[in-house]
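Naming follows writing order (A, B, C and D), and every chain is counted from residue 1.
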Amino acid sequence: MRKIGVVTSGGDAPGMNAAIRAIVRTAIPKKLEVLGFKRGFAGLLNNDVKPLGLRTVGGIIHLGGTILRTERCPKFATEEGIERASEVLKSNKVDALIVIGGDGSFKGALKLHEASGIQVIGIPATIDNDVVGTETTIGFDTAVNTAIQAIDRIRDTAMSHGRVFVVEVMGRKRGFLALEVGLTAGAEVILVPEIKRDIDSVCETLIRSRKKEKEYSIVVVAEGFGNSTSLVKEIAEKTGFEIRLTILGHIQRGGSPTARSRLIASLFSSYAVEKILESDESGVVGLQNGKVIFNSLEFVNKEYKPLNTELLQLAEDLAI
Amino acid sequence: MRKIGVVTSGGDAPGMNAAIRAIVRTAIPKKLEVLGFKRGFAGLLNNDVKPLGLRTVGGIIHLGGTILRTERCPKFATEEGIERASEVLKSNKVDALIVIGGDGSFKGALKLHEASGIQVIGIPATIDNDVVGTETTIGFDTAVNTAIQAIDRIRDTAMSHGRVFVVEVMGRKRGFLALEVGLTAGAEVILVPEIKRDIDSVCETLIRSRKKEKEYSIVVVAEGFGNSTSLVKEIAEKTGFEIRLTILGHIQRGGSPTARSRLIASLFSSYAVEKILESDESGVVGLQNGKVIFNSLEFVNKEYKPLNTELLQLAEDLAI
Amino acid sequence: MRKIGVVTSGGDAPGMNAAIRAIVRTAIPKKLEVLGFKRGFAGLLNNDVKPLGLRTVGGIIHLGGTILRTERCPKFATEEGIERASEVLKSNKVDALIVIGGDGSFKGALKLHEASGIQVIGIPATIDNDVVGTETTIGFDTAVNTAIQAIDRIRDTAMSHGRVFVVEVMGRKRGFLALEVGLTAGAEVILVPEIKRDIDSVCETLIRSRKKEKEYSIVVVAEGFGNSTSLVKEIAEKTGFEIRLTILGHIQRGGSPTARSRLIASLFSSYAVEKILESDESGVVGLQNGKVIFNSLEFVNKEYKPLNTELLQLAEDLAI
Amino acid sequence: MRKIGVVTSGGDAPGMNAAIRAIVRTAIPKKLEVLGFKRGFAGLLNNDVKPLGLRTVGGIIHLGGTILRTERCPKFATEEGIERASEVLKSNKVDALIVIGGDGSFKGALKLHEASGIQVIGIPATIDNDVVGTETTIGFDTAVNTAIQAIDRIRDTAMSHGRVFVVEVMGRKRGFLALEVGLTAGAEVILVPEIKRDIDSVCETLIRSRKKEKEYSIVVVAEGFGNSTSLVKEIAEKTGFEIRLTILGHIQRGGSPTARSRLIASLFSSYAVEKILESDESGVVGLQNGKVIFNSLEFVNKEYKPLNTELLQLAEDLAI
């Protein structure tokens, strides 16, 4: 019998539990033993491990967060950390490690694979959708829906007061979340870290909207675009409009995963287990053209995922 | 200036309003005039028409149902109906008609196109996802999420009482909804109209689940599988378990569209308008391999959309 | 040190877990030991018991259902059952038993108290709100909100199709849920078991609504009013309207408790523990004029809780 | 025939539309004409008025915000403003004005009544619940539920990371919202503007929680308690814990009203209309001991509404 390890790493994302469930439920019938390392790489370094059985993962498909816990672990990135992790995996006789996490976690995954020779497979789970080589990640669809539901509430107040609302969504470096939230919430303006945009042109759009008898406007801004508080102040000064800022914050991270996040989690995870059964190749699972595919760890760590600027254009066209 | 007509037809689906909005907002800047026919084909026959402007479609992206209303219209299917519809479209100088609806509506769309020569473009919007040539339809993702949220509530009672629950979801002829709901709700058994399944084997699965210390079980059944009340009775008799039936019914049809339903609506609709601008080809918009594509009306009316049996197998594997 | 037992009984209701938490958290600091009997009176008869500690009840305030499980137990109502329960309680050295449940459970509670002499305190938890001597019960507010959210979805379809929808809510004998749901969902007609109403007069109301340019109507009916399927058929025949029936069913029972259900649970439970500390009186906690009060078991088992007919009148007046 | 005016004033609150509906629907059958003034007192000063009919208020009971709009209006508070408002009301032949709003709006209501002699009736609608003489206000229950649902999402992340989360809820001067949110979300610490609390004692509670093996903690703080960012920084420094701040902001204000907010709106509004029919007394509607009552405008403007400190104690006791 072969053994696989599972770890959830980085920020939690809704659907991580559905992924853990799918790994365990597809692995065990194939005679793989599954060990769960708790609290991300931090737990891996401390050999904080427990076996995962078929019933351990029962009744969790709909739960947000991760039953394995997660933690940021700066020590892991060090040479010493990687070495310690290799030892722990080997002492537990782990043949392959599945890392459920985001961009940062896959950096560690590559180093660990290179240092230990152990097969390491990444499953992209992050609300930021910033993993290259995949169209979507576990948790992204949930976060988008959480954000637009929040904006639907804010819309009531925006309409009632005839106000402009600026809504800051997560995304320190990338604007995937802001873009999809902005498009589906019907925002007048979407501001992303990837594209510099002049505040004057934002003001013009808002003034033009007002002239077209739009009684309220919504601006969606990724946290990485700049300082939202200053942004709001500047727009208010330049337009004379009453503007309110809402920072959605951590509510975007939690909650029961949507159907799509659960589905993606199930597809990615069963694919990862199959991969382990049929080869010792390391890599990261992804979705391309609607199909589950496999990218190398090197590719995922090196390449840059472009933002869909056509979608951004569409969003602006639709907010006319 | 050219004129396009828009009609929502058949059962309503969440995202129809987002589609209407996207049609109007992409058409008007391209100098197309947009007329909305109310109450589906019934309103078309009665020339129940109003112009749709940029502001008419403001503040509706998040609303369920359809501002154009919809109605079943048996008369439309007749030769006389089709002729009358052609006249109405011509008297309104409509160059192209966009039909937002499902399978049944596209039958009428083809006939109307053949009889009138007018360009007719279908946009698939149905919670059933039963349109061939597209991976998804407007409203499907919303209905799946509504259903799994309902099942998450039922799970509380199932767990507390240690019961088996049978949940009937919509789908008179096809099991797409049941399949995706069952997979993402973690159902033990999924019953669809396309696949005959012996009740004895269902009972065996449930008994096996109980033996594996699963304290409750959920069976998802499409309404077209058979009579759910008889099904529950038969399972109860054969297993001796306490079983409850919940028929989700019309709550699956309404509600604010999910992000994905709004996104698909925006993509399909802007594509339909572009198609009208660049050619006079009739057809049905769809999503294939994650990309928006175009199928002929003949194809959509003739071909059969297969159920993804691998997904069904995965669902069962994961419910072990 | 004294010992108290806790049992959740009858149908589960959202907020039962908040009640268990509040009992344990107020009892233990007062040096009371708390034993939880599982699966309602069935578990009590089987001595299925576990101690409840401060951490056992952590992270459950927001969960639907009951961590103690519940089960219908016909055997309990027998003389033999009551005797067995007395023995189990005494063998566990339980000084007082808290029964979290509904009307039926308090019948058993009285018998048990009479037979054993043990202090028994009832905490009303049922989505039916059919316990006399209290204005509300744990779970009622949640069920009302679940039902009106479902009706808000149905409203989308009702509006889009211009249809009449009949929505059946729980309530085999009493109409408290139907009344509050109907009033707050803006239903045109509310049908409850307590008040006979002629189908002809229902039809008149619906026809009058249609004439007043109401484009759709919603009828809320308690399951105990009669056979809803026949009702719908009869109304359809007499009015000629297209009518749809939705039976909300078990989704009303589950889900995360609302703030009010959690608050009532906390107030009732802390009061119950105080009562145990200060006297050996048995009885049922309740809310009267917005204050927590205490009724005798005899009163709760004998008296009839009237329906607020003024509220019913108001609901009809508002649906004009 | 007599005429009444209606205005929604101050910040919007969920249930304002249900109140407008109930006023119109109870007034018109009693031969009262109803005029709606738009955009709060600002619209009143500008004679921005429209008649409200039975159908105008159809299909709005479930909508957040206010169809009459609202706006802050500093000019209204001036002598000149009050005089202008009197003129507008008299020129419209308004016999009584219903003001749906909060604390601040009732200041204006009293002045207006004193200056014009017109009957003015206040209906408390504010998510802050800071109106004296009433146990609850329209919108309060909705805001509490919105906040606890947000916290339930945050809990997923708090649990997964084993973190302390500080959640800031609305309430610049008063802590009613923070208190009820904190109690029903199971917060370890609740900080309100009315009660000074030493940061050291907060830290002690959090450290004690950690020692009791509570893996995460939630602190609910009203915005008026102090600067939340500084608070978080100070706690982090003193405890060494990883702490995150989430400011819920405007999502608390919007959304579909809960059943209770709709019910309170219906009860308050029908009572207000009855009051107008039977007397020319001015005052503010309220709920006391679960019954609808009437307070004088003077009382509501003069008295101070105490915070329920017993409830605060209970919340802390339950978070042990």
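Keep in mind that, in the parts below, a residue touches a chain if its C-beta (ideal position, glycine included) is under 8 Å from a C-beta of that chain, and two chains touch if they have at least 3 such contacts.
As the structure is a computational prediction, the values presented were derived from the model and not from experiment.
J.: Find out how few touching-chain steps suffice to connect subunit A with subunit C.
T.: Step count on the best path from subunit A to subunit C: 2.
J.: With centres defined as the mean of C-alpha atoms, identify the chain lying farthest from subunit C.
T.: The most distant chain relative to subunit C turns out to be A.
J.: Quick one: report the Å distance separating subunit B from subunit C, using the average Cα coordinate of each chain.
T.: 36
J.: Hey, how far is the Cα centre of subunit C from the one of subunit D, in Å?
T.: 28
J.: Using CA atom averages as chain centres, what separation in Å is found between subunit B and subunit D?
T.: Centre-to-centre distance between subunit B and subunit D: 40 Å.
J.: Among the residues of subunit A, which ones contact at least 2 other chains?
T.: 152, 155, 159, in rising order.
J.: Between the chains shown, work out who touches whom and classify the graph as line, ring, star, complete or other.
T.: If you draw each chain as a dot and join those that touch, you get a single closed ring.
J.: Once bound in the complex, which stretches of subunit D touch subunit C?
T.: Against subunit C, the touching part of subunit D is residues 18, 21-22, 25-26, 28-29, 54-55, 58-59, 61-62, 135, 141, 144-145, 148-149, 152, 155, 159, 180-181, 183-186, 212-214, 256, 258-260, 262-263, 266-267, 270, 287-291, 314, 317-320.
J.: Provide the residue numbers of subunit B that touch subunit C in the complex, in ascending order.
T.: Residues in contact with subunit C: 8, 11-12, 14, 39, 63-66, 69-71, 146, 150, 152-157, 159-162, 165, 244-251, 253-255.
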